[in-house]
Structures are given as structure tokens and as C-alpha cells.
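Pasting the structures in now, so scroll down.
Two complexes, one shared chain (subunit A), two partners (subunit B, subunit C).
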Partner chain A sequence: MEPPQSKEKNEFFYFALRNNKLVIGLIVVFFFLVFAIIGPFLTEHDLNERAGPRNQPPSAEYWFGTTTFGQDVFTQFVYGLRAAFIVGLVGGGLATIVGMMVGFFAGYHGGMVDELLNMLTNTVITIPKLAVLLVIAAYLTVRGVIHESIVIGLWSWPWAARAVRSQTFSLKSRNFIDMARMTGMSSMKIIWTEIAPNMMSYLFMTFVLQFGGAVLAAATLDFIGLGPTEGISLGLMMQHSFNWSAIQLGIWWWFVPPGAALALLVGAMYLMNVGLDEVFNPKLRER
Partner chain B sequence: MFLNLDKVTKVFKTGTFGGQDLHAVEDVDFGLTEGEFVSLIGESGSGKSTIGRMILRLTSVTSGVIEYRGKDISEFRRQSLKDYYRQVQGVFQEPFSAYNPIFKADRVFRNVKDEFFPEMDNGRWQDKVQDSLGAVGLNPDQVLGNYPHQLSGGQLQRFLIARALLLDIDFLVADEIISMLDASTRIDVLNLLADLKEREGLSILFITHDLSLGYYISERAMILYSGRILEKGVTEKIFRNPLHPYTKLLMASVPRIDKKWEEVEAELEEKQSDIDSGCVYRDRCSFQEKCKQCEEARPELREVEENHYVACHAQEED
Partner chain C sequence: MKRYFSRKVFIYILTFFLAVTIDWLVPRFMPGNPVQNMLSRASIQSDAAEVMRGYYTKAFGLDVPLWQQYLNFWQAIFHGDLGVSVYMFPEKVTNVIFRAVPYDLALLVPSVLLSWIAGNKFGAFAARSRWLDNTILPITYLLRATPYMWLAILMAWSLGIVWGIFPISGAYSFSMQPSFSFAFLVSFLRHWFLPFASLFIVQFGGWAIGMRNMIIYELEEDYSHYLESLGAPRSLVRKYAFRNAMLPQITGLALRLGQVVAGALATEIVFSYPGIGYLLLQAINNQDYFLIQGCFLFIVIGVLLANFIIDVVYVIVDPRTRQGMEGT
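On to the complex of A and B.
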């Protein structure tokens, strides 16, 4: 079959819908998204309330079983999924936006601006996220998912900034930037109307990667006890199950759902990234 | 003077820590009067494009002053810079990269409208675009609405000239604009420039590496080597009576029917180096034995006959 020649958008969807990696990734992410949105409406329990007897295996009444404290695992799971999407969107989004800004300005202006922004980028890379979170944990006794997302976002932009900067450098030397400059356009406008559109696919892929990275980072932090003090997350569920020896006691329904969801969600994100790469880059398209 | 360059120098920092200087352009002086067609001739690396870019404010000047209608162009800011670009535009060697590949080619016109004529209504603007495309010999119905890769190099290059014409410019910097074109379209673009000069009184700085093109089209010419002007003057005089050894070499290396290219190439092969003092051309000079000063002093441009200047110690002796 020949791809349609008419519009670039059509061509994009033509290849996107025929890329198995992208389609599978999208289905998995979409499935969890729907789960996270409608899940909380399917349960009548509260997050930490004692919903029933302790350590119940999955049953018709308690779909995912109950914990050592008699909390409903399904309730915690769906709220935890919501938290994962919030962390991904806020943390990944923040990292992408800050990284883009820094990368565009450093790459476009070069010289002194570039030196300073580069210094900032390298400084942030070398500050350990863990140490900062310890300090924050010491100051903020009540922490929510949003706090965590912001910290993750503010600490993961440097890689995005570096990538955007180098792309901007190479685009900047093209003649069409000179043509734009010869209309007296401001540099902000040149960045947004001439450089950014050329990197759309790249920026989108950066966001997908950062989303997966943020979810994973949050799970790590939660597991070692630096996560939110209020609410629930998939990482927190795993931490609690670990603290109360769920593995040794064979309470598998406590840690398998959050662990599997994290692995699938992050895996699907990375799969989407590879798929998108193939869609945007004609050289990688499957025959 | 309409456009005037006074001791313009551009130094690029090179090396890992910016420790080395590369003098891309050094002490370049020249002026252009209104409606004049001047060629700037030099080999690659001679700094000719840098001069064009400095005039267009795309590269900063290290020292020296470029004046347009008596005003220092480096002082232009937002509005005054926009006014400058309303009068002065450039067209470059490589037409393909002058277009943002993900947009249609007409976008270069759209940008001009958005920036310079935001109030003009679309109907009038379309008429203006049609006129300007007509002026460069393009059929609007054939070329509008296409992506850059769907148009030929010649069409894209004319498109850019049409873009410049939308602004009613007075001065055009044409940097190697025909070197990437097919032989068949070259002469058309060249004649188009000559025509525009006649009809609209456009001044043109024609930057080229091709001596014969410079001769074909311009009233005055400058020969650039390693960032310095070695000879300048009325084209006719330079070509009838080349005085600088470099100009002589260039004249000799214009492809000829009676000489095989290998012989010419051998003469040109020696490397060009960045020389700090003395004559920039001394390593390749054919008069070398003639003068001792070449090692010590940079030769200045001197008028050897009316409207014909040369920077060579050998010419000072007689």
C-alpha cells in the first residue's frame, strides 16, 4: 500500500497506526489511564479505612484482597494509579518545559547565555536528587504527590535541556533562520515559529521519556520512604507491603498489582518512544 | 556614500579555549553609491561571505564601522533595524536551506507580511505577491502552495529575490546566488539582477568566486584574499590591466580552451595561511624576489590609475 501523498498529518497517522510498538504502548497506557479515571468510582471504600478482615486474598468482595490492616488493595491501587499519572504529567511535563526553555535559549543565543545556562545545567545534574529530597522531607512534614512531582520535575530537566540545546544549535545555522532574522523578528518569535516546529516530534518524544522516568523516580523515592506522607501511590503500596513482610507471609496480592502496573506503564512508555522514533524517522520505518 | 565600510575587521576566536584568532576580514574599506553594481570576488575562505553577513547584521563587526546612508548600522535596534531590513536584504548561495522544510515555501512571504505589512488586507497583499513573482519571471499559479522540495533550485532562488522585492529594497547582498544553480538557469538569474538594477535602481553587492561572472555583470570589482582587499576599481580597468599578482593568477585560471585544467590547478594548489604581518599573499606571490618589504609591512591600497587601486609593494616601486 502506498501512503497518501496529500497532507503531512495523514502521513503521520498512516505510519503511526501501522507501528505495532506505538499501538501496543498506547493501548497499555490508555488502559491504565481509564482504570485510573474510573477506578475510584467503582469502590465504596476509603483509602486507609479498615474495609474488612486482615490479609484476605482476592475475592468477589475484595477484588484485589486486603492488607495486613484490612485496607482494600483495589482502592489503594486505583488511587495509586491516579498518583502515577499525576507524577508523570506534572513531573515529566515540568522537566520537558524547563528543559525546552533552557535548551532553546542556550542553543539560540550561544556565547555568554549558553555558558551560564550550561553551568546551571551541569550544576543541577551533579546535585543528588536524594539529598535534596531528604532536606525537603525534613522541612515539609506534610508532603503530597504534587510536591514530589515538582521536585522530580525540577531535577530531571537537564538531560532534556542538553538534547534540545544541541538540536537548536544545528537548526540555528540553517539559512532559514537568517531569512527570519532579516525580517527583524524577535529571537523569541524565531525560536517559537521557526525552530520549535522543526523539533515537535523530538519534544513529544522527550515528554514521553520524561513521563516514564518521573513515574519510575517517584516509585523509587516512595519505596525508600521519601514519598508523600498523605495519600497513596504505587511505590508507597510496595513500601508498606515490604515493611509488613508481605513477601515472606505470601500476601502476593499486596505487592504484585502495583509492581506489575509500574512495570507495564513505564515499559509501555518506552515502547511508545521507540515506536514514535520509527514513525517520525523515515529511515527506521519498517518495510 | 550610500553604503560605506570603514576599516571593517572580523576576528573569530578559534581553538579549544578561544585562544587563537582568525582574521576573517581585515581593514576592509569600500563604498557603494546608489544604483551601483559591485562585485566582491574571492576564493573560499577569503571572507567574502562574512563581509556580506556583516552588512546584513547577521554577524557582528569586531572593529570598524559600516554605515548605511550615514548611519552606523550596529546601532540599529528593534524598530530602526526593521527599517533597515525594509531597505536592505540578502539572498544566499544555498536556496534549499533558506526555507523551513516543514512549511510551504510561501511562508517566506507570509513572514514578510506579518513583520512589515501587518495592516495590509489580504487581497492587496496577494496582488503584491503576484506582481513580485512576475517581476522575477515566475508564474504564481505554478509556484505558490508548494513545499520547498517540490520546487527547483532556480525557482527557490527567484522566490527569495521576489521576497526581497516585496520590501521595495534599495540594496541587495547577493552572496554566490547562482553557484548552486543549473547552468541553464544561471544566466537568467544573472540577467534578472541586471534588469532589476536598470528598472528599479537597485544597488547590488554581488559576492562571487567566479571572476568571469564579476566581469560579466558589474561596474566595479574588488578582489579579496585572506580577508584583505588586494585590488579594487572599475571592472574594466582591473580586467584589462590586472596589477596584483593574485589578480593575474585568477585571470590566468579562468578556464581556457588552450590550457588543460591540471596545469592551472598545480599553480593554485599552494595552501592559504593566516599571516600576521607583511603581505597576506607573499607565500604564493610570483614577484617574490622583487621586494623585501613584503615580509614586514602590509601593503596599503594605492591608486595606480584613476579608479583603480592595488595593495602590492611591487607596484609601489615603479
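On to the complex of A and C.
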């Protein structure tokens, strides 16, 4: 099959819509996004209110059942999904932006700047993110989802920085960059108008990966007991169910939905990432 | 090779320096009074509390200038002094941690190595196979994204409670004392299996996907096409592709280590497995800052050591690093 020859954009959509990985990934992410946005309007219960009898299995009235405290699991779930998207957007977004800055400067300037920034990147990448989050979160007595996202974002950028740096490095030696430099453009302007647009696809893929990473990191932190002190998240749901012996009591409806949502959402992100890679890079497409 | 190693070691020293600095900085520049927090949570009698308050104010060294506090902190670290635990007062943090480390190694070393080997083999096998690509690989994407503790909870619930095949709490039966008897070994292995398996499965997914994508890159390289055009058998081309794809996977192992350690911490909590993860949970519940900081330092040191080992392996596997050409 020949792709339509008219415009580059059309070609992108032509391959994008025929890439199963990308389409399936997008559908799943979109489904959860809609769920997170409209979900809270579908429930008449409050987050912590005692909505009904304790430990009820899923039923027509309590779609996902109730907890040991009689809270509605469905209500917690949809608010938890919202929290997951907030962490992904803020944490993943922040990591991508900081990573971009560091990557652009290191890759474009090279030399000493590169050497120093590279050293910083390698240092930060070696220290496990969760370990740092642990120490910081342990000392914060009041924690919100936003705080959590910011701390995660500020410690996740090295992956993005590495990726962006190597891309910038290879773009830098192209002719059009030399031309831009000859016209006397400032390096900031070259980075923003010449380099960045040429790697938009790459930056977007980086963001997708960072989104997934931030969501998982937050879930682990919440489970260990250093999550938000107010509100709910999918990780907190798992922590609560675990703390109140849902495993031993067999209250599976309390811990299955949050973990399943995390695995599906983040898995869809990873799938999307590979799909996008195939769309942008013709060599990788299935034959 | 010398250059390669000296650069790496320099980075590691820098990393350790940064880690210690974070460890020092956080308690001093966070809102609230750590000593007060710590004592308000630890439920002890008032006269014991006074002794502890005196000890901790001194231990944090809050009464001397900042630069001196920082130097003292380094000095204490070089003496192996990470303070005294609140949760297990008056035991030393280092002792508490040393007792937990073997359990961490028992889970981490086999699960990391076996999943890396098995995942890479499977990923290479599955690449460019339309059938596997559409059936098993989507599952590995899910596995890679599965939160470690969730799989651990699912396995504990299904295999431990519903079917009752495996115990789900502790490292060995509570009625036993550690010994070298056969019965103890069986008990240990039965308790070890579920946490190990849940760690193994999640990591396996990650390596399989990574290898599959890497092999596809390699199969599209010029050398692969050249070999193919020469009429080399498919298996030979694959073999070369596999060897080349291995190198990034070794680097990947070093980079992924942090995540795996985090996963192991959460898994230990699910199974009440007495490693550092379980210790951390106790430390957090008891606001035991010294223990938390000690665990942090130990995790960083462990990851640094593992990184160093991986670097050595890399030099052995990749001849280019040995001949002074920069590898990574």
C-alpha cells in the first residue's frame, strides 16, 4: 500500500492509524482519562464517607464493592485515577522539561558545559529515585499529590536529559544549524526554533515514558506509607487494603482495581511509545 | 580502559558525596523539628524520653555551626556510625541494617540475574515473529508496567490464601530458629519463593520488551542486511544481532537497578520479608529518622557497588572498552 503523497501530516496519520500498538494504547489511555474526568460525577458518595455496609462484594449498588470501613471502592478508584493523571502530567511533565533544558544545553554547547551536565546527570541517575523520595517524604509531615509529583519530577529528569542530549548532539552537526548560526541567531533561539521542532516526536515519546514512570514511582511511594496525607490515590488504596488485611480476608475488590488500572494505564503508555517509534521510524515497522 | 574506569569511579565518588549530602541536608532543612517528631511518635515513658531527647539533639548535632555539623556527619560515616534506632532503641542502625541485608540479597541477586537472562532470551526469540508479537508480547508490556507490590499482593492472595500453597509472611516459619537443618531450609525456600517469583515476573517483562526492540534495531542495521544478502542463515544473523543487542541491555541493567530495588522494598513489605524494605516500613511508622537515613545510605552504596560490578562485566564483554575506544 502506498501512503498518500499529499502532505507530511497525512502520512503521519496514515501510519499512526494503521499501527495497532499506538491505536490500542491511545484507546486505553483515553478510556482512563475519560473515566478520571467524569467518574467522580457518576458516584453520589463522598471519598471517606461511610457509604454502606462493610466489606460488600461488588454489586449493582456498590459497583466495586465497599471497604472494611464501608467506603465505596468505586468512588476511591475514580478519585485515585485523577490523582494518577495529576502525578503523571505534573511529575512526567516536569521531568521532561528539566531533562530537555539540561539535554539541549549539554548537547548544543558541548565541551565543558556538556562535561559538567553529563556528570550531574550520571550522578543523579545512579542514586535510586525512590530512596531519595523516601528520605524527603519522611520529613514532610503534610504531603499532597502535587508535592509528591514535584519531588518525583525533580528527580526523574536524567533519563530525559540523556535522550535529548544525544539527539541534540546528532542534530547539531547538520547543515541547517550551521546556516542558522551564520545568520547570527542566538543559541537559545537556535535551540527553540531549529532543534526542538525537529525532535518534537522524540520529546513526546520521552514524555510518555516519564508519565508512566512517575505514576509507578508515586504508587510505590504511597504503598510504602509516604504518599499524600490527604486525599486518595491508587497506591494508597493498595496500602489501606494491605494494612487492613484485605489479603487474608479475601476482599479482592479492594486491591485488584487500583493495581489493574495502574498496570493497564502505564502498560498502554509503553505500548504507545513503541507504536510511536514505529510510526516515526519506518525501519521498525512490521513487515 | 584506565580512562574508562577512572571516569566511572570518579562519578561514583561524586554520587556517594551527593548522597551523603542529601542525607545530611534533608533533616536540617525540612520544616518541623525532627527530634520532636521522632519522640512524639515513639511511645515511651517520659524519663526514657528525656534520655533519648538528649541523645538525639546531640546526635543531630544541632547545637554547633552548620559547617561543623556537616564535617561531623562525614566523620561519623567514616566511623560506620549511623546513629541509634528509635524503633529498636538502643540498637545501632548499622547492626539493624546488617541483619536485614542478607534477605535483600537473597531476593535481589537471583531475581535480577535470572530474569535478565530469561527475559533477553525470550525477547530475542520473540522479535519479528508476528504470532508472538500479537499474543505474548502485549502481556509483557503489561508486566513491565505492573506495580511490583500489586503482583505481590495478587500472588499472596491467590497462591497463599485461596489455594494455600505458600506461606505469605516472614522469611521462615515463626516456630523455627535459623539453623542449617533440612527442615529450616525447606521452610526458608517456601517463604522465599513468592517474593522471588513476583520480582522475577515483573522484571522478565521489562527485559523481554527491551530485547525485542533492540533486536529489531540490530536486524535493520547494515551489517545484518549485508550478512543476509551474502546468504547467511537466519540463525547466524540473529546471533550477531543478539550479541550487539546485549551491550545496551547490560547498561540497561545498571540503569534499571534503582527501580528493581524499589520494587524489592515494596515486595518485602507485602510478604513481611525481613529485608531493608520491611525495616523501612517499621522506620516510617515509628518516625525513626536515623533508620530511614541509614537505609537510604545502604541502598545507595549497594547500587553503587552493583554498578561497579556491571562496569567490570561490561569491560570483559565489550572488547572496544579494553582497547581504549570509549564503549558506552
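Annotations for the structure displayed:
Here is the rule we use: the second predicted complex is superposed on the first by the 276 of 287 C-alpha atoms of A that agree within 3 Å, B and C clash if a C-alpha of one lies under 4 Å from a C-alpha of the other, contacts with A are read in each partner's own complex, and residues count from 1 in each chain.
By definition in this document, contacts are C-beta pairs under 8 Å (C-beta built on N, C-alpha and C of every residue); 3 or more make two chains touch, one makes a residue touch a chain.
Here the structure is a predicted model, which is why all the values come from computation and not from measurement.
After superposition onto subunit A, the modelled positions of subunit B and subunit C are compatible, with room for both.
Of the two partner chains, neither subunit B nor subunit C is touched by A:207. Judged by the touch definition given at the top, the superposed model places A:181 against subunit B, while subunit C stays out of reach. Of the two partner chains, subunit B is the only one that A:198 touches; subunit C does not reach it.
Taking subunit B and subunit C in turn and counting the residues of subunit A each one touches, the greater count comes from C.
Residue contacts after overlaying the shared chain place A:62 against neither subunit B nor subunit C. Applying the stated contact rule after C-alpha superposition, one finds that A:105 touches neither subunit B nor subunit C. Superposing the two structures on chain A brings subunit B to within 7 Å of subunit C, judged by their nearest Cα atoms. Annotation: subunit A has no residue touching subunit B in one complex and subunit C in the other. Here subunit C touches subunit A in the complex through residues 11-12, 14-15, 18-19, 22-23, 26-27, 30-32, 34, 37, 130, 133, 138, 141-142, 144-151, 153-154, 156-157, 160-162, 168, 209, 213, 216-217, 220, 255, 257-259, 261-263, 265-266, 269-270, 277, 280-281, 284-285, 287, 289, 292-293, 295-296, 299-300, 303-304, 307, going by the rule given at the top.
Those residues of subunit A lying in contact with subunit B across their complex are 8, 174-176, 178-186, 194, 197-198. Looking at the complex, you find that subunit A touches subunit C at residues 119, 122-132, 134-136, 138-141, 159, 212, 216-217, 219-220, 223-226, 235, 238, 241-242, 247-248, 250, 252, 255-256, 258-260, 262-267, 269-271, 274, 277, 283-284, 286. Interface of subunit B with subunit A (complex): residues 53, 56-58, 78, 81-82, 84-85, 89-90, 92, 94, 97-103, 108, 111-112, 114-116, 160, 163.
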